[in-house]
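Encoded as structure tokens, the structure appears first; notes follow it.
We call the chains A, B, C and D, going by the order they appear; numbering starts again at 1 in every chain.
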């Protein structure tokens, strides 16, 4: 018996809603009609708020902005499954997550206008500030998960990352730690097929991203990331498992970045428009809308009304964001440590006396 | 009061912090059953159990990142990096995150964590076990850097670091671990961060040192009218004590174990050249490690500032 | 001679290095089809193909570690880190390995590699895109640090860095990428490492700056009798040029974009306080970024040394 | 079809020689009797040279030393499969690899006596200096492998690591890169069950270490690391695959650290003697010796003669090591860069003028 198989692994993919909005009744997550409607509203709100950000950026009213276009289902479906006590660790492209958790949109805009105050998370929620250093924040989620485990606090730590983030060393260190201590952590990976101009295939040789966590002894699954119900369901199961001591899960949401990487990018330089076009049919909003229509929950008029309300909601957020007074030099110093050093005090004085 | 060495004093500090506050957790490579490779955490695992004192995988970025999450959650992690030479892979976690989460979240989250690590030369250890790269951390706004020099300040500074609301790098001079013993008060006490200590009073020359070089500087200075300042906290450093001393003595010698160029001694020299130059009657002098990779044991004594080199520096400055 | 900006000059340098020497490879995140996020590598992938110019996974430690192996094997890797703020996770590879492999192997292996990275503020970019942490690398024996300030020295220094037998960190001041244009000689040429440049002659005050602060210092100094030194290589830095200038002018102003404490300006100040203090008739002054986390765009202008702050410094020093 | 299996993986284990030295003739690697003998000699030499290092350390003639005791088969079996042109990236516990590749033992000792010159690799071999920062050197192997691939040079890069090394982020970044570019790289992992005092089970939750490379799309295999023939065979196959464009392999050698971590360690503080005892039967030398005896290739007298020769060989290496003149201060500076800075020149002068 010189060569014996000593371990075996499978990776599964979950799909619930077809692009036509059809679904096998048995697979439907246990959600009420109003919850289905809420999911759709959030998808729609994400898209509208995202589109507005892009116009604001073009008008010079926001800085560089990363669009969520096409990824709404991955963001909304996962965030909708969370409780208010769970801790969320966003990457930088999670507008839909922020909105689903009712983070003030005005603050989100403010952040992308170049103001740190946009990431001052309201006390009633636990959303870590946007993380720019790709892949490094999974460790913070592991730490919070360990804290919750220590306190027997039924909280799950939920980091978001992209396909690119799976290549970083910290991804490995974090999920190995999560596996080892059976931490209550659910990592949501939006595999949008691109890391700026680097395609998923140029990122790693693996067939799936979900299989990467075979390296950590945790559960990995791939879901159709444009299917909000599948994303919700997978997240829900993973959260339950985490809360019940079953350890961490990695969810690969198979989706697509329909926009440029950010407003500073021009994706036509490196990707084929046919690829982009091929994903239009799988639009996450359309699919959910068809589902609602087929259940008799939605029609043109309701759509028009929703769009109008949401536009107003977004207008309101923009006004609030732009009404905020400018941050002061003092704020640049105040949060370095809990108190200023004597040198910082002098610097603050010089700085406040001078321009700009 | 018991007579303790540095290892025992730090161990006692950790023991008391764990006993007093259930938010304190101690972890790192080999800190549990093994009690740390220098025995600094000896007995803690037995006393406080696996949830309070535990081993981690071999992953330094992971250890620091974990501490960040734990501290943001509301606990008081005290993480050990086995040697400073292995902290380099954790610099991103330290500077990108621990240092910035308060700023980034405008105060909503913060990182009251301590990273303990043995550092410095003179112990005839393998490569990367004798690094003294404190300067990297002193150029990171948001990070505090503390270097004890005696058993009693080691304990007090450690307890202060654990209570501090900000991330603190606590560097333990390996060469001193068992070299110095002194009476250490049994009950917990705090030695405030940010304050230097006059280790020897004098009026002709100011010597600034920290960690293992403090011990050597004191030996070198014992027959000279030198004021020896034990810096204790490198970031934020105690400018006032330094400037007051230089104003009195008019001469400044900085003793630093790290490679000369870009070391923390440069900041001290620059500060005095900016704010105290009018009282100087001699050039500032740095006695430092050379601009080389810290050598293996057979060459190590060439590099670490010796008592003789410090004495030469003192004599040279006193000639002005 | 064509008039080029910094991006174009570096691009031309890379193009010529690739054309001249098949040992040269260019890689990093988004450097191939996308031509780099600042277009510095534009056209190179098309011209030299996938084996010479290629994208890597999103893994900065990996990019540097790969360059180490390639250089030890005998090639001349030119690796890009997309922004200096993402190089922190590569510090272990840089300092533990690139800096030491020559020492560790007693010369059998070495690392003739170049790490290019955009750095510095003033471009209204997101968090971690405006770092200026050059001081970390200047405290690493075995590592050279180069900062161009104009299109023509950018090209010459790049080609010199690629030919250099040691690891070179080549920091590209992002703010200057498209700000300055000048004539750049078409053929390949070398600007020697380790040599500073007198960017403006003067005899009452010495200003030392590098990168984006050089441009600003020159503006500030244009109506003053100041000698402006463009450092160009930070490690090893050109002590001789600095000391000679200070000897002549008796006053020293250092302009640094990084946070003040522990920045590279401290080393320059310390060096002059040690070796040139006798010629000083005023305190040394540093005009720097503050000891804060580099802020997001709305606060960025408070932090980056402004022309006004530099002028204030000049005026203050000239009053001595 | 909501849940579909989209990927499957198996991990195999290879064993050839039983602890009794028996082997199924069909499994025997294609080696000559003299090669079998050579393998045994190398195992034996490793053990003797290792034991000598431990005594030298006790006598204060070497510094801290990490013993290879128990891991000889993993080291010798893998190194024996290499060609002189392959590049080797040792960790710090690979005495058997150095000896198999005919690295001068005197230099190896010299290194552990605290002299960098011990790692000045002779020109005819490509052994990177000992790497102390665990797990970080796999990237250098990836770089060399990429260089060889670029030059169409039939060289394989072979990094050695331990079980602890698999937890580091660089392990992940390196093997992902190796997978992506199909690099000629064979990673030899000596899973000796301990990373100082941290057991294999406290290092990671996975059943095997071999499965970790499912994350990179490369081949992973576990072998009985105390079976020199199995280690040789697995390495040989992996090298052939690498040279033929088949990409990278990760070999987990299941072995045991019979000694303390280093001479500075006391393993009794943290591990059970029964565990240690349970591994004595699986001694890699005994097993190979029995195999040779059963083939009529070996007897007591030959054993005695070999031990004597090897003791002399080791004596000779010790004498040579100790006869080396002390390194000079100048050597501390000379290798920092290819030439000294003006400041370094001054420092060297000061240093040479002064003590010690």
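Note that a residue touches a chain if its C-beta (ideal position, glycine included) is under 8 Å from a C-beta of that chain, and two chains touch if they have at least 3 such contacts.
Here the structure is a predicted model, which means the values were calculated and not measured.
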{"item": "Chain whose Cα centroid lies at the greatest distance from that of chain D", "value": "A"}
{"item": "Rounded Å distance between chain A and chain C, as computed from the means of their C-alpha atoms", "value": "36"}
{"item": "Chain A and chain D: spacing of chain centres that average the CA atoms, whole Å", "value": "43"}
{"item": "Rounded Å distance, chain C centre to chain D centre (Cα mean)", "value": "40"}
{"item": "Junction residues of chain C, two or more chains touched", "value": "56-57, 59, 61-62, 85, 88-89, 92, 96, 103-104, 127-128, 141-142, 236, 261, 291-293"}
{"item": "Multi-chain contact sites of chain A, meaning residues that touch two or more partners", "value": "116, 133, 136, 167-170, 173, 176, 180, 202-204, 331, 335-336, 341, 343-344"}
{"item": "Topology of the chain contact graph, where touching chains are joined (line, ring, star, complete, other)", "value": "complete"}
{"item": "Chain D residues touching chain B - in the complex, by the definition given at the top", "value": "63-64, 92, 111, 113-116, 130, 132-136, 164-165, 167-170, 195-198, 202-204, 264-265, 269-270, 326-327, 329, 331-333, 335-336, 341, 343-344, 347-348, 351, 354-356"}
{"item": "Interface residues, chain B side, partner chain C - complex", "value": "61, 85, 88-89, 91-92, 95-96, 99-100, 103-104, 127-128, 133, 135-136, 138-139, 141-142, 235-236, 258-259, 261-275, 277-278, 280, 283-286, 291-293"}
{"item": "Touching residues on chain D, where the partner in the complex is chain A", "value": "1-16, 24, 27, 167-173, 176, 179-180, 182, 202-208, 210-218, 222, 230, 247"}
{"item": "Residues on chain D engaged by chain C in the complex (per definition of touch)", "value": "87, 116-117, 119-121, 123, 128-129, 133, 136-148, 150, 157, 169-170, 173-174, 176-177, 180, 331, 334-338, 341-344"}
{"item": "Residue ranges of chain B in contact with chain A within the complex", "value": "25, 51, 56-57, 59, 61-62, 64-75, 77, 89, 92-93, 96-97, 101-110, 141-142, 144, 165-166, 194, 236, 239-240"}
